[in-house]
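Lettered A, B and C in written order, each chain numbered from 1.
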Amino acid sequence: MLVAGRTGTLLLLLGAAVVASMPWWASSYHLQLASTALVSAMFALSLQLLVGGAGMVSLGHAAFFGVGAYAVYLLPPGLSIGLTLPAAALLAGVAALPVGALSLRTRGFFFLMVTLAFGQMLFFLFHDTPLGGGKDGVFVTRPAFEIFGLLWEVPRRQRAQVLLWVNLGLLIAMYAALAALMRTLFGHALLGIRANEDRMQALGYDTRRIKLVAFVIAGALAGISGHMWAMTEAFVNPEFLSWHRSAEALLMVLLGGIGALHGPILGAFAYVGLGEAATLITERQRLVEGLVFLAVVLLLPKGLAGLLPRGKEGGR
Amino acid sequence: MDLSGLFAQVLNGLQYGLLLFLISSGLTLIFGVMGVINLAHGSMFMIGAYLAYVIASLTGALWLALPLAVLGGLAMGAALEAGLFRRFYKREHLDQVLLTFALILLFEEARSAMLGNDFHAVPVPAILDFSVPVTAEFAYSAYRLAVLVVCLFVALLMFLGIERTRIGSAVRAAAEKPEMVDLLGLDARRIHLLVFAVGTALAMLAGALAAPLQSVYPNMGESFLIICFVVVVVGGVGSIAGAFWAALLIGLVDTLGKAYLPEIAGLVVYLLMAGVLLWRPSGLFAPGR
Amino acid sequence: MSALEAEALTRRFGGLTAVADVSLSIAVGELHAVIGPNGAGKSTLVNLLSGTLPPSSGRFRLGGQDVTGWPSWRLAQAGIGRSFQRTNVLREMSVFENVRLAAQAAGFAPGLWLRRAKRAAAPIEAARAALARVGLEREGIAGTLSHGELRLLEIAMALATHPRVLLLDEPLAGMGPEEGERVAALLKELARDHAVLLIEHDMDFVFAVADSMTVMVDGRVLEQGTPTAIRASDAVREAYLGTDA
C-alpha cells in the first residue's frame, strides 16, 4: 500500500498542525466537529488495514467500533483513559477473533455477507438485551485524563480542545503504527494476499491465519476509535454498531482511495465536511449521502489520495 | 407443550420462510450469474410493500397490488440493470457495495418524501379476512394460508422455468459456472437482464404479499435483506434449491426462536449461520465443487 | 531415496475420474516427465501433489513423511514448489517483490512477522539468487513482462521457496525456440539438486531432458519407465505417439 511520500507526509503534518491550532481560532462547535472527523478517520483507517491491506471488504466493522464504545459504558465509571482505552481495544479485539475466524472461512461476497450478519448479531446483542442499557442508548461518564498516575484535571471549558488534541494524537499514532506495520514482512505478506491470495497459498503462506491477525488488529483499532467516540460524545447507542456505519467507513476508504494508507484520513475529513455543508442546503441528509456515494462510485473510483504527491510503493 | 400453538408457529415459520425464499432467490441468482452484490434488493421488497399499502388505501383492492408489483418489479429491475448495474459487473466488490448502499439511501429518502416515516397497517383483503378451522380447537388465518399457497405456486413456477425451459437451464448453468455463458455461446446480456428483472419482481411481490402481515415501515427492507444474506450463506450462492431449503430452515428457526426463546431470538439465526460456516463454509446445498 | 512418492492417487469430480490410481516416485536429481494427451489428468495430478485439490483416495509422501490431505501452504512449507500452467503471479507488484515474497514464505514464522521487509536480508538475497539462476534481469511491474519472461518469473518464484520438489506445469508453453532452449538447459541444471516433475507437450524436448517418464491416458498410467523404454513401448505408440509415428 502506498505510504505517503516525503511531500505527502509534509502535507499531512501541515493538516495536523492546522487541526491542532483550531482551539485558537475556531468555535467550540467546530472543535467538536473536528473531533468527529478525527475519530471517523481513526475508524476508517482501521478498516483500511482490511480493505487496502488485504482486500477484505467487511460490512460488519462497525460492530467492533461499537464494542469499543460500549466498553466505556460497561467499565466502572471514574477509571482513567490509560485503563479504559486499552480495555476497549482488548474487548473489540476479543470480539473480532471469533467473528474473524468464522468469516474468514469464506471469501469475497460470502465474507461480506457473513461479516454483515455477525455485525448485525452484535447489534442485536446491544439493542435487544439489557447488556447495553437499552435500545435508545445511554449517557456515559467520560474516563479521566490520567496516564501513569498523572491526573490532568480538565476544566469543562477546555474539554473540547483537550479531546481534540487527544484524538489528533491518537490518529497520528495509529497512522504511524500502521505505516510501520505495512513495511514489515507481515505487511508485505498482507499486500501479497490482496494481490493474489491463491498464489500466496501456493508459495507457503497460511493466508487465513495472516488475515485473521489483520482482522483482529483492525477490530482492536476500531475499538479504540469507538472508545474515543464515546468519550467525545459522552453517549453510546446501539446505532454505533449498525451496518450503516460500516458502509459509511467503507465510503470514507473509497473516497480517500484504497491504494493509499492515508486515503481514509482524507476521506473521513471530506465526508464529514460534505455532510456539514449539506446541512446548509437541505434537511434530507440521506439524499445527500446517497448522492455522494453514487457520485464517488461513478466518478472517483481511485479516490482523493491520488491528489497528494505519490510516495514509494510499499511492495518494492 | 401446546400442540396447536406449535402447529401455528410451524405454519408461520413456513410462510415466513417462503417469503424469504422469494427475496433470496433473486439475491442468490443475481450474485451467482452476474457476480454483483445487490444490497438494494431489500429496498425492492420495501417498495413492493409500500406499493401494496398505496394500492390498498387508494382502491381498497389489495389483490391489484400483486400483478402491479410483478410488472413494476420487472420494469424496475430491467431499468436498474440496463442503466446502472451493467457497468458494475467487472468492478470490485467495494464499488458494488457502495453503489447499492447509495441506492438504499435514495430509495428510503424517496419513500420518506412521498409517504412519510409513519408505520402503516395494511388491512387483510375482506374475502380472506377469516380463519380456517384446522382442528376442532385451532383455526389459522386464511390470508396467511393464501400467502403460503401463492409463494409455493411461484416457487413451483420458478423450478419449472429453470428446469424445463432453455433459458432457464442457461441461467442455472450460468449461476453455477459463470464462464458457461460464454462457452455455450449464449447472449449474456439477455440473461443478465432477465435474471435482474425477475429477481426484482420476486422481491417486490414478496413485499406486496407481506404488507398485510408486517405492516409497512421505514427501513423494513434492511432487516429482510440481512436475514436473506443468512439464507444465501446457509444455502450456498447460486443455488435455487439451496435458497429454498435454507429459507424454510431459517424461517422456521427464526419463528420458533421468537416464540419459544424470546430472550435470544435475535441471535438464533446467526448462531445457526456460525454453525453452518464451521461445518460447511460453502453452504449446506452448494453445488459440488 | 525418493523425495516424492505417490501411491494410487485418485481424484474424482462427481462421476468423472480425472486421476485414477496414479503411482510414481521421484528422487532428488531426477527429472520425471508426465506426458499424455489433453485431458489425461496431468494438471489435476499437479494440483493433487501441490495440495490445491485434496485427493479422493490414495496417499503421497514427501521425504518419507505422509503428507496426504495437507493444504497447499503446508506442502509448500514442507518443500514443494510449483509453477502454474496458466501464468499466476502477483501482477501489480514488482518482479523483485514477487520473488522476494516467495523467498519470504520459507519458514515464515510469527517471530519474523515484525521485521522490516527492507532490512530482512535473507529473503532479499534468496530472491536475487533465484532471479540470477533463471536469468531474469527485468525490473518493474510483473504485469508488464512478456509471456516468456513471466514463465521464467514463475520458475524463479518456485525456486525462491527453497523446495526439494519442483512441480512444473508446462513451463515452456508459448515460448519461442530460443527461450525454450534456455529453459531446457535451466531445467537440466535444476534437476541436479531438486526432484523435478515436468509436464510438457513438446515430445522432442521431453525425450531430451527426462530421466524417467509417466504416460497418462484418461487419468490412468499407461506406461512408466525411461525415455528409451517409453519410445519402445507398443502400448504408448498405439495410444499416443501413434499420431506422430
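FYI, a residue touches a chain if its C-beta (ideal position, glycine included) is under 8 Å from a C-beta of that chain, and two chains touch if they have at least 3 such contacts.
Protein names from UniProt, one per chain: A, B = Branched-chain amino acid ABC transporter permease; C = ABC transporter ATP-binding protein.
Given the structure is predicted, the values throughout are model-derived calculations rather than measurements.
Q: Which contact partners do subunit A and subunit C have in common?
A: none
Q: Could you find the chain whose CA centre sits the greatest distance from that of subunit A?
A: C
Q: For subunit A versus subunit C, what separation do you get between their C-alpha means, in angstrom?
A: Computed value for the inter-centroid distance: 43 Å.
Q: Please work out the Cα centroid separation of subunit B and subunit C, and write it as a whole number of Å.
A: 47
Q: Between subunit A and subunit B, what distance separates the C-alpha centroids? Give it in angstrom.
A: 33
Q: Hunt down the residues of subunit A that sit against at least two other chains at once, touch-wise.
A: Touching at least two other chains: none.
Q: Going by the contact rule set out above, which residues of subunit C touch subunit A in the complex?
A: 50, 52, 71-74, 76-77, 82, 84, 88-94, 96-97, 100-102, 104-106, 108, 112-118, 120, 123, 157, 161
Q: Give every residue of subunit A touching subunit C within the complex, in rising order.
A: On the subunit A side, the touching residues are 183-189, 191-192, 195-196, 198-207, 313, 315-316.
Q: With touch defined as at the start, can you tell me which subunit A residues reach subunit B in the complex?
A: That would be residues 51, 57, 59, 102-103, 105-106, 108-110, 112-114, 116-118, 120-121, 124-125, 127-129, 243, 247, 250-251, 253-254, 258, 284, 286-287, 289-291, 293-294, 296-298, 301 of subunit A.
Q: Okay, in this complex, where on subunit B does subunit A touch?
A: 31, 35, 37, 91-95, 97-99, 101-106, 108-109, 112-113, 226, 229-230, 232-233, 237, 263, 265-267, 270-271, 273-274, 277-278, 281-282
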